[in-house]
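Note that chain A is present in both complexes that follow, paired respectively with chain B and with chain C.
For the complex of A and B:
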């Protein structure tokens, strides 16, 4: 494949995992060489994490390994991981193969100091104890770039920030001197700037130690930065394997191509994003033919009956798709550009702004003592000012904890602002309360981040959508309006009688949008509406938001940390840092020529992908 | 005959009606129906529910009270007996009326204590007035008992076979998900035991007699109603306070939360038994000073039973309240609650529509789990003398009496064993059922 002639470190052949009748991992084969990174790429539910867990033999109780081999080739001798005893396996886990998990805050034991947790691994796999272990632990913490390593040894996880925790986690994984590191979405839970640092760290460590790495991610940007080889997974199968350059230059499988096309970016501004219709098939699907066929835009009749085999392409690329079968000469060509729909030009800027926020401050009191006296304040939002015109989109960008969500809630008066003014359509909101606020509630609504938490599981969809209309006294033609709204967000009117659990994440987000639209708002505050969704679904939701903006003239306050989405959707951008807006202006100006240091670091952390892939 | 509706009867019927209504309602809500289907699919749950149903049936029979009409003298108006009887009393008339002089062992033909013989020649164990009186020779008892038991077994088996045929032919094909085999096994156990008991009952004191010669089986069956009432009415009386205060504290926060927290912390730190004892004694005084409120002794005992339920309820709402507060604190931050707030929905409506339905699984679980604890608590309270009225038959009073019987020589073991076995089966069934309900309703337990 690549020039590296070293023998593989890990050889996985025909690995299959079964849960009930479903196969979350089906006949997966790959190899990893020392010093090389294989990235498994795919949407959630495609079996990426399950593959990693199967290699480590850490599958959940319901799942069982039903076939395949995993050979771990260490120092010349091969160890078949699937037939080792549990005791032998323990020396491999953490020793030969280290693992890093997604959520640093839950993968460290909160009641043990960082030092103790690393020393535990050192004792198990290296036999180090006492001073020697402590010295080694400090070295490890230093090697992962944790400042003041000596002091950190005695600190507990809650005293560390998310990025520091992930570094400590990496130090723990390295403590056993692994030859292979499995990183399961190592940066997904981190902020953009921290993400970049952690990825850089992993890369450096890999180079220093000549480690093999299995990287599991859904983020093309991470793949582009880290991988030597890319394996794309879909519905439990690997469907494309390629060296990175080859993959990014010329993704072969229709699914891979769609993943690229669904990425929001500046270059596509003014066009609709290409979406993949439907969703990843559920686990227990019995597949016939190509698994991607039902969602594939270039599928032909054979796709749904014949399972495609592997077809080698130039440059070490392999694809599991009939289109690349040399035995089928007259296939529809793939090289036609993916269809994109033109977008109408943005509406002209209205004369007076719809939303005016001036010097908004939100301080949370710190209470102490028996009588809960206020002893100080935390400034979550510290003097934020901006304007938003009707029909435009303002993106509020920043890392977690910078106060951007608080701004959204303070505008809606869900949190009482400490000072400042919020004027919606010329009416001052902060002065109003209770019933006087009701009519203005109809003008501004919110769409939340987590589609699973934002719908009451005990209510029917119709009831959920009607809630706002009832609360605001709009009682006429409720049923017709619900049907109309559901159609508007791309669902069927008869879905009103169903319950939220029957819908996928993307559909739930559509319902949440319908609920916000129900009261005919002029402004919708979107709080990270796509960050819990897969790339293809994210594209669907963004398209829907843009479509609704065109049709209804909505203004969006788009709160996000995802620069790619901002780049694609925003007319204006405001960058928030530690409760203040540090830079504000038109999207072209802010993203094109960032002035503030923080904006620059945000962009440099996020934009490698655009430069590499565009 | 004059039907009598005691307060506890009314509440018991009301509870049953609520349960039936709940079933109808659950069938219409797909989520509840799915959860209950999980309970129906769990073998332990179904078996426990089957056993519980038998207990409920007995309690139901025992809750249909009436007063018998006294023999009417010519020219007099109709008079009713002061004794309040229940349908169970009527069914077990022989057991209730055919009392012996004192202790007799299970299935015995002779008393457990020696008496001077009628002919004055020394002391001997006299024959019982009821137990085995059809036997010419007491030596035949063994064969007679086996014969009756076999008849009972056969009858039970026949009933069971009929049930099996019905389930196999009609019910199982319609509802494959239901754990019919568990139902059949539990029914087999209950029907066979029941068959043997019923076959032996007309001829023997199956579980012996107590100090004053009352049939122990009768006493045990009467105790079931008391246990069930205490287990359910107590929870019912505590639910409103726990639900309201718990959700209010969690949702409102601030000083409301502080106030409610202080309240239940204070209440929690008073020893429960002390509080119950004080309240019960006060109720006792009230009841004793107002004899005119009650027309029969049964009504008075019933008032005391109810007050015990309420007092235990008032002192035990804190646990559930704490759980609900914690859950509400979590729910309050969820986005659907915030979405409702953004629409300007009022706090009360949010609590009722968004919070309450989402904490019901906790209520459900804790109600079923508390049940067994309360049944046991009644036994303990009656044992220390602050439980039910002494005239009310309950597991607690039976165990209380057994204290003396165990110290006797030779020991009288059957009252305690009978009370123990029935209570054990009831509480075990309730616990197993509670486990099944928890597994089905607790969202964290789901594997998906």
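For the complex of A and C:
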């Protein structure tokens, strides 16, 4: 690695975790030095979190450590973590090694005050009690930039916003003055601007305390901001390790390259995104040869029989792939450009827009007091206007709570708008009700964020898809239509009899899209359709949406906070802030020359590999 | 929070009125006073005159809802609905078949009922929670498995078996405590031990298994992982984090029965000849004493509503999300 003189803080060697016959973590080795960040990068199910939990010895009951060593080197003496007694290990957890988790709203105890949750650590690892503990807890909250720290001590997690909860979580992890911080997807659940703040905070704290950090993430943007070294994991193995600059300049492993190629960005607008076919192999796969071979576009016969070894590259980069084996004479070239399919030009702009939204307002009543009288209103949406042509994509961008989802629901009349007009194909929807609205429902459909929650687990997917057709009285040829829809979204027709739980996240989102398409809509409102998905799966879904748009001339209202996706997919962009649209225009104009302060801060906070920043 | 409690209290009023109306419909419209008279008089003595006499003696000869023959406000008040049903709001239940005042009877029988019900409630809750925590602490081991099997077995055995088996073994074979009855003052303890123990054991299996499920569900949550990552011991995690969160669903099932403790247990009191409200109700049902049954149904409903209200209060104590919103 780099010629850093400092001795490592954590040495992991051959770490292996077993669940049944499967090995979610298989022979993983790495080192972390004080003040240094190692980022473990990979998609869900590749064993990153399991590695972190194994280091802490906090594995779920079904999993067990079956090999390897973890040495924690603190103040000159090495402690083999895997052979400590449980009591000794407890002094390491929260003391020497602190940990923060992905979802701050579920990772804090809901019925214990923030102060008490921090004081618990102070008592355990610092021996502080009473006033001293409270004072220290307040200092910690101040050091993580939580405003009004004194008041926050007595508050409960539900009273804090997501970003504030994550700050409190960090304060808790720091309470034991750890030398190493394990951060498991620390910003994945947060808004873009908050993400940037939390990452910045982590970096500052790391510098102040010369803390080592094991950062687990699936987000290349986070890696670029934070890491000194990168380790890419796939199917339980590390397959590439490299210093950050080296990794971003020249990702070696075909999987790493695919991760980059799958990123949506403006430069790729008009091309299909590169996707990784197939999915991460299930846990109990008995691997022969290279684990990535079945999905690799440059694999050759040996890949599926011989397990690749580590091959060192220049600049401290190491990769586990046959292509880099100097002993191998015939090496397929890796640098062929990834195949891209040309995209048809968008259909000519129709004379009248498909969707016209005029001064849309949605106010929710605030009820208070004994009789629950309405004492005021929250303006969730406060005068929003835009137009959307057939066959085009308008991205509605903003942070959570800005009202973008409410706009989507109000357009579909799932929430009654307080004022304003919504015209779909020239028909005013707000004036219609009940039965009159029914036929128009077929024209506009919605795809939701969480494919796990938005499909009824007790219905077969054929039934889920057919429901919309039945509601609109279509009885003939339903089975044929279901088969056609499933093929259209890249699934097999015989899958109609299965239940949602048998499908992966990406496949479920395909089902959700098939369900929306069933009634031949002209407009699909996509509410964060990819934010619960991994990067390569996200690329598949985005490709599918674009393909369907070409073929069927669909218009998309794309609600998202992911600027990279917006950059890639949108024709027009509307930026929402506190219930209003603060900026609207073509994607090039809004993203290229943002006028409004908020758009600028949103863009600067987002991952900036897009506009030639890399 | 105060407005929340007041609002919850106000919700109870329409429910109470509804309960009263339903009781009235059940006891005077579905089952008319004539039917009551026939049942009380028995097959042999039923003549139209006897029925009229029986009804007149007990005030059942009045019109149901509207007395057209009376004057002034008595048109509404001199009716069965006003006398027998509305009066229950003032806890006036009239007299039973044997001529005793029902409310006096209830007051004297409340004591023995509570003397069993309160210890059973406290000991039962304590035993079930302790047993469940023990199983959760050793979850995944044979102790846990054995405990769950034991719970299911205890749930599956009829409570009659516990009562009769306990009386036979402890009182008859071992001769440790009296089989049944109740003594006065401190002497009563001797009589109460057996029914209390049997009730606790009878309820233990189901409750412990249910609490174990709640604890396990709770201990799979993310915040428990956070607590472990802090370095807390497994006991601290269990007591400080899991138990407090698990109390929220547990309280839902538990607090609601507290007021109903007054009513005692139908089965235990009958088998152990405890002169409480449970055996009073059973006797009244056997004797087809409708005045008493009506009173107990109404009181039971009122106590249940009070229980729901107490549940709401207890939520505000354990869950800051309700207390502060």
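To be clear about the criterion, the second predicted complex is superposed on the first by the 602 of 614 C-alpha atoms of A that agree within 3 Å, B and C clash if a C-alpha of one lies under 4 Å from a C-alpha of the other, contacts with A are read in each partner's own complex, and residues count from 1 in each chain.
The definition used in the following text is that a contact is a pair of C-beta atoms (placed from the backbone, for glycine too) under 8 Å apart; a residue touches a chain by one contact, two chains touch by 3 or more.
If you're wondering where the values come from, they're calculated on a predicted model, not measured in any experiment.
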Check your understanding: After the match on chain A, would you call chain B and chain C a fit or a clash?
Key -> clash
Point to revise | Which superposed partner A:244 touches (first chain B, second chain C, both, neither) | key: neither
Exercise for review: Check the residue A:445 against both partner chains and state whether it touches chain B (first), chain C (second), both, or neither.
Suggested key: first
Point to revise | First, second, both or neither for A:414, with chain B first and chain C second | key: first
Practice item. Name the contact category of A:515: first (chain B only), second (chain C only), both, or neither. Key: first
Check your understanding: Which partner does A:454 reach: the first (chain B), the second (chain C), both, or neither?
Key -> first
Check your understanding: Looking at the overlay, does A:467 come into contact with chain B only (first), chain C only (second), both, or neither?
Key -> first
Practice item. Determine, under the contact definition given at the top, whether A:11 touches first (chain B), second (chain C), both, or neither. Key: neither
Check your understanding: Now that the structures are stacked on chain A, which of 27-35, 117-125, 243-251 or 423-431 shows chain B clashing with chain C?
Key -> 423-431
Review point. Which residues would you name on chain A as touching chain B in one complex and chain C in the other?
Key: 372
Review point. Mind pulling up the chain A residues that touch chain C in the complex?
Key: 56, 58, 61, 87, 90-95, 98-99, 101, 103, 106-113, 120-121, 124-125, 156, 158-159, 169, 172-173, 176, 369-370, 372
Point to revise | Partner chain A, residues of chain C touching it in the complex | key: 3, 6-7, 10, 139-140, 221-223, 225-233, 240-241, 244-245, 248, 318-321, 324
Review point. Which part of chain B faces chain A closely enough to touch in the complex?
Key: 30-31, 258, 334-336, 338-346, 349, 353-354, 357-358, 447
Practice item. Would you mind writing out the residues of chain A in touch with chain B in their complex? Key: 62, 372, 409, 412, 414, 437-438, 441, 445-446, 448-450, 453-459, 464, 467-468, 471-472, 499, 501, 512, 515-516, 519
